[in-house]
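Before anything else, here is the set of structures, which you'll find just below.
Next come two complexes, and both contain chain A; in the first it sits with chain B, in the second with chain C.
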Partner chain A sequence: MSERLTGALRGNLDVAGLGALLVVLLAAYSHYDSELFTPASITILSAQFLPLILAAMGQSTVMLAGGIDLSLGSVLALAMAVFAVRAEDGVVVAGALALAAAASTGAANGVLVAYAGLPPIIVTLAASFLWGGVTLVVLPQPGGHVPSGLVDAYNNGWNGLALPVLVIVAVLVLWKAVRTTRFGLSLYAVGGNEHGAYASGIGTRKVKIAAYALAGVFVGLAGIGLAIQTGSGDATIGAPYTLNSIAASVLAGVSFFGGVGQMRATVLAALLIGLLTNLLLFTGLSPFYQLILQGAVLIVAIAVKTFATRERTD
Partner chain B sequence: MTAITLPRGLRDNRAAWAFGVLLVTWIGAILFAKGFDSVSSVRYLVQTAAFLGIVGVGQTLVVMMSGIDLSVSGVVALSAVVCAQVASGSGGTTGVVVALVASVLVGIANAAGVTWLRVPPMVMTLATGTIVAGALLVYTNGSPKSAKVPLLASLANDRVVGIPLAFLLWLGITAVAVWLLHASRIGRYVFALGNGERASRASGVPLARTAFVAYGACSLLAGVAGLVLLGFTSTSSLTMGNPYQLLSIASVVLGGTSILGGRGHVLGTVAGALMLTLLTALLASWNISEGVRQIVLGLLIIGLLLAYARERRS
Partner chain C sequence: MTLLAVERVSKSFAGNRVLNEVSFDVRAGEVLALVGENGAGKSTVLGLITGLLAPDSGRVVYDGDPVTSWSPHRAREVGIGSVHQELSLNPHQTVAENVFLGQWPSRRGFVLRRDLARRARPLLERVGLDVDPMTRAGRLPLGRQQLVELAKALASKPRLLILDEATSALDDDQVKGVFTVVDELRAAGSSVIIVSHRMGELFAVSDRLTVLKDGEVMATRERAETGHDDIVHLMIGRELSDLFPPKAGEVAAPVEGEDALAIPSEEAIASDKAAAEETPAAPPVPAGRPVLSARGLTVPGACADVDLDLEPGRIIGLGGLQGQGQRAVLRALFGLVKHTGRIELDGRPARLASPREAIRSKIAYVPEDRKVEGLHVAQTVRANLSLTNLDVVTPARRLTTVDRGAEARLVDDLVERMRIKVTGPDQEARRLSGGNQQKVALARWLPSRPRVLLLAEPTRGIDVGTKREIYHLLRRLADSGVAVLVTSGDTMELVGLCDEVAVMYEGAVVDRLAGADLTEERLVRASVTGTEAGTNV
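Up next, the complex of A and B:
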């Protein structure tokens, strides 16, 4: 019995550790904001954190397959721009267009990585230029308009329901479903050992392309969420999400070399980074310190991770 | 194909290929575009290519040991902003010295993270780049100064027997880098690490010392480029380094150096930087919007990478 318990705990070490950290942060947070656990506050905060959570899920998907996506921020901005530009003609159509744009840019990244024989870093870095340009063509100046009813319902609750929370839960359920399919299994296999996966009959190229496309869907949803939260679009807003999505994934224990990691840990880690950034504002420091904090979190997270795993394997 | 009839040495020499492609592109530009056939246009081109080229030479050192430096964009801005800030208070020379010291410190931090904390180079340099960007925001309070530093202005704009001084500086730096990488002991270590870290460490190659030299030199050169840019424009901005992140890596790879490290030549990077600057100038001569220009440049870079920088792995 106790053996099974420690076994379960070890398997979820990252989730448990992050959960504990999150509790500490929430306690500190409620010290500054006594209304933290009211529905209104939860709705607003979840609307604010949704883009990073979904972007981090996208980055984790790519990293699980052994890749990396440096164009994530540009794709997020592209989805946001497409949605903001088309939202007045019908939110559903705009959302579908934005998702299609994000998924196809993701698939294009995947094709380049799978067939070009170029490392993902350089492909996605060059692609970030390309998608950044497309975003500027769609939306040269910050603008666009999201219907105010939707913005209000999203940020302040809709019949008492926190829509962003529902979206995150729905995406997690979707991920759970994907995990149980053949593709979900292949994703971990390709990331863990590409040669082995290929030798056991997995179409590694197709899996990679599908992974980047799925990441595109997640990132597209993040961009739509950001557009609804802010009520408009901005072509240059995406850049910080690239770094923060990598930081969240690393913090969650998703390996840089692929094949290792859990999506629920990624969600917790993204929440953690979001809360940390907000806490920084409460302490009265200038928001300029945010970038320093984010960079430092990334270095500390990965250094701790590296030393922890080295102890276990050596 | 004509390539088959060429002597084997030339066929395998990717740096020579880079100069060949550059020559063809340049002739094409002279024949089909306006304003590329005068001496002054050549002069302007090599002068502006020097900014990218200096960063590219540093990037080559890091890429050759299978690292990557994504913090160069931050360091270019760092040195220009710090120099402008310090120079307005305590004189140009002090500004230059402080800026270069600050730049080298970033390189030392990168090398320390990569060797001692064992953080993957991409993540480490992405994080330090972000921290530098944040630190600059805090340092300047969001509004960096402009400054006329006579020394830098003449370095960037003056000519010696008709040749821009910036170009001569670039050539001098390249000559030192050729010696460092292709004739010195450290250079042999860099190539060894690029071809296989485990094996070279096992045979006594000092990883730490090599990494400190390579990352330190890369940051120093990014700092130098920032100073020349400051001299050229007389203003500093927080985002002035941004284009150099992708373009410096692209110039290295287009110059025939393997992005995985261990193969290539510094001289190839000179061709790569000249080619990218030529392409940018060609695009600027067309009357197209910023977004479309970025798309075309992104596609061109991806196309060029596909054409002759592919790695045959597995």
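Up next, the complex of A and C:
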């Protein structure tokens, strides 16, 4: 029984630790913003954090398969630009186009990694330049226009519902379902022991390609979210999301070597990073010091987490 | 009826011919033992059968049809299951998820945990494994993980089961359980190919034995018509006494000077052997003062309370099944892992907290995985040899750049003395064969004149000729006053080479065998039972 208890605790140590950290941050936050827990405030904040949360989920998907995606920021901006440029012709078509673009860039990364055997870090670094350039062709200057009704409903609530929260919940439910398919299990198997997975008859290449493509879908959703939140597109806005999504994944306990990690922890960690950034803004410190503090907090958090969950090895 | 036929199959890696026109077959309802030394080509043949590798020429015929577009996926589909010594489990997933790895049963596309657990249980029972199917596989001890592999192979209801050193980490009862499964399969008309270094097991369970040596099939024998000696003779292709040098105390005069640092010539080996035969069984060398002694050496989770005395002139072996803490002992003595216990160098307490300190104390380490810890495989032979000898190649110590002339002399000298086959000093280490890589890994320590030499699996995966050279080199080094400590999973090697073998079991030394007690039989028994088998029987 105690074995089972410690097992359950170990399995959820990441989530539990992040939850505790979240409580601390929220307490500090409500000190600066007394209206934090009102529906209006939750809607605005979730609209602001949605892109990073989805981007982090995309990054975690790739990392679970044992890869990494440095092109994430560029692809996010590409999806945002495509959506913003096409939004006036109909949001559904624009959304589908943006998602298709993002998913195919992901699949392209996956093909290069799986079939050409190139290291993910190189492939996605090159891809980040490539798609960054393409995005500038699509949208040379910030612009495009998202229908204001949608922008308003998204940022200020729709019939009292916080749409971004619904999206996040829906995506988490979707992930939970994916996780229990054969593909989901294969994803963890390939990340945990690629050779073993191959020797067991798993199509490791297809799994990798699918993982990158699925990550593309998450990132595409993030780009669309960002376009709706800001009401327009900006080709240069994506860059910070690459490193922030890696930071969130690592903070969530997703292993760089693949095969280990939980998506709900990634969502929590992305939320934490978003809150921390806002909180530092409230303190009125110079932006320079905000950056220094943000880096320091991340390092401490990851170090504590690593020591707390380290398993004894030979 | 023939279920599987391997027909005139050849395979080369990087110019090294590993298999040469290999042919054999497996009948339906038969257990075939594949026998051979490390590096004889067994794993390569099995890789061809399981679809991990493709042959350069020749073909594999399964169930009457030549296999085309072969892959592990296809092989599994047509009923070939395999258990390898190197585990293919994903340590981060549960036992049940691993049992059905790659072919999880699903309902409308969803894999349900309770389904997995329910269907895994009977398979786990069949292999005699009593674990919760929801345990993470990585939390199980090695032996139990190996049984999970077996359950996984059985999950696909194999018509051909391949057991590649599948019992290496199992105890007696577990091995019996595996053989029960093998018997059941045979009775049901399925076939089994079994590879094991434990000769007794092979004779207990197989119907026929096929012997591989240096990538060629030497013979296939019916079990009833052969014996251990016959098979061993076929495996080695020469007498044991020719492979190993005489032991400490069996040679009249120890070798001095530079000669000790070279692989001896054929004439020298012959004269050593003659001398040993003339000297009537001299008593073992009286234990000298140890260079390095360890008391209560403990690495948490790997080995506990190990006592060792390494004396000049003696080769000590660390035996036992794989993964019983031998590696941890070596790594601790080289300062690679944190450890507790008392360590003395020349009778003075010493702390070996890092490889740097160990090297300064004249301890050298040739690791098991040469490609990770032993060599910089992407660099040249020259760079590999001079890196550990920067004192020699930079005349004014750290202040000058490398003296290319001194470096060239050093490298040429070592290549010649160790008979390393290279196209030139600029050849990349990864392009060398395993045996030559191992020679480089050893040679790089010689100029610094180590007093203690630690080697892990010094001859794994290298050809028999190079093995012999390395055995004789190690003996020469010992004779010149080096204390040698060797771990090996090859019992024949330990018995043939070492003056004394400490047998490890679950991290502790359970027996020490020397002199007439040091036989393969006793070593294996102590390794498997984890008790002192040498003296009480």
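One rule holds in what follows: the second predicted complex is superposed on the first by the 283 of 314 C-alpha atoms of A that agree within 3 Å, B and C clash if a C-alpha of one lies under 4 Å from a C-alpha of the other, contacts with A are read in each partner's own complex, and residues count from 1 in each chain.
Definition applied: a contact is a pair of C-beta atoms (placed from the backbone, for glycine too) under 8 Å apart; a residue touches a chain by one contact, two chains touch by 3 or more.
No experiment lies behind these values; they were computed from the predicted model shown.
With both structures placed on the common chain, the touch criterion links A:Gly284 to neither chain B nor chain C.
By the touch criterion defined above, A:Gly259 reaches chain C but does not reach chain B.
Look at A:Gly160: by the touch rule set out above, it reaches neither chain B nor chain C. Looking at the superposition, the partner that touches the larger set of chain A residues, chain B or chain C, turns out to be B. Shared-chain residue A:Leu243: touches chain B; no touch with chain C.
Of the two partner chains placed by the overlay, only chain C lies in contact with A:Thr181; chain B stays clear of it. Contact with both chain B and chain C is seen for A:His195 once the two complexes are overlaid on the shared chain. Chain A uses residues 195 to touch chain B in one structure and chain C in the other.
For chain C in complex with chain A, the residues that touch the partner chain are 50, 52, 71-77, 82, 84, 87-93, 97, 101-104, 106, 109-112, 152, 299-302, 327-328, 337.
Within the complex formed with chain C, the chain A residues making contact are 177, 180-182, 184-186, 188-189, 192-193, 195-203, 259-260, 312-314. On chain B, the positions that touch chain A within their shared complex are 68, 113, 117-120, 122-124, 126-131, 133-135, 137-138, 141-142, 245-246, 249-250, 253, 259-260, 289-299, 301-302, 305-306, 309-314.
On the chain A side of its complex with chain B, the touching residues are 68, 112, 116-119, 121-123, 125-138, 140, 194-195, 243, 246, 250, 256, 286, 288-296, 298-299, 302-303, 306-307, 310.
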